[in-house]
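Chain naming follows the written order as A, B and C, and within any one chain the residues start at number 1.
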């Protein structure tokens, strides 16, 4: 079973908390225990798990990836978004999250984030259910 | 069920599209729906999902990882391939891919790549099937 | 089924080999074939697979991540551990490992490592079993 939802990003680079949407899908699916995989079918955005409390963390992540792989750097790929492809492979296209008692097993400070590197765009997020 | 195939890399650093081999295994396995995990049992290469259209993207990824973690840098590990170990952990040893209607659920531009950081070598790729 | 164990890290940044603990859990669980996922419910440490032979590899990984994302750099997040959040997303919060004949399918040089970026601390490691 694969579920899907859409996310509208509003900036060139941005971390968007999608934890609530993912939790909602798990509740609707009525899966009591198992694992889910959150996946983006894109090559210039990524998905990661990080702190959902202080929004400065999101900005620091975005800014430091930009410092390391600048959007204005020199690349061969002519579309101008090579930096976004590189960042996407560094962060990755999916995360694993365990499910127990019908809820996500996340640490106190953990949230799930779509990481946009070539926005603003509409992005799809796919969630696969692997029930026990 | 784990399937395996071999890849001969031909350069020190290189991204090799292995999507066709993985698709072939899924077809042969006759798995209609579920998830597969593509894994490399190595510590100086990695696996990632990225653009399979313009080959410049692959070169930009390889060149920028080399810029950030130079093969000619100073490292303690005496074998001379510490840069490759570092890059391998940054990109990762496996990717998750969903399967539906007996085919991989990949975005329009997504391909699966073995990323060689210490070649040329013969590499193994393992594919695990997690049917629904 | 999720199993958990604790790891005491002893330095600010450190790679700790947890392969033996994970192997022990798989043996105790009596899972003959399938996949496990090793996950950290934290946002300033990570988990990776890399070389378990020469300890210099671990130091090179830690030192180069520190070079790229310095703990003494300028960040907005006021807790002083933004560098650790960034590194955690670069390396990732989980790894997939296959199981066959009741043992982990690891390459000759592969070990599983908790990667501490904001220690010393006590960390939890969660292991999910996905039997065939």
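Note that contacts are C-beta pairs under 8 Å (C-beta built on N, C-alpha and C of every residue); 3 or more make two chains touch, one makes a residue touch a chain.
Not measured: the values here are computed from a predicted model.
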Exercise for the section: Considering only which chains touch which, label the overall pattern as line, ring, star, complete or other. Expected result: complete
Exercise for the section: Fit chain B to chain C on CA atoms, both being copies of the same sequence, and give the resulting rotation angle in degrees, nearest 5. Expected result: 120
Problem - Homomeric contact chain A-chain C: same or different residue positions, threshold half - result: different
Practice task
Averaged over CA atoms, how far is the centre of chain A from the centre of chain C? Could you give it in whole Å?
Solution key: 20
Exercise for the section: Indicate the residues of chain B shared as contacts by at least two other chains. Expected result: 68, 90, 92, 96, 130
Problem - Partner chain C, residues of chain A touching it in the complex - result: 35, 48-51, 54, 56-57, 59-61, 64-65, 68, 90-92, 95-96, 98, 100, 105-110, 115, 130, 132
Completion exercise
chain A partner, complex, touching residues on chain C are 1-2, 37, 39-43, 68-69, 73, 75-79, 82, 85-86, 88-90, 92-94, 96, 124, 126, 128, 130
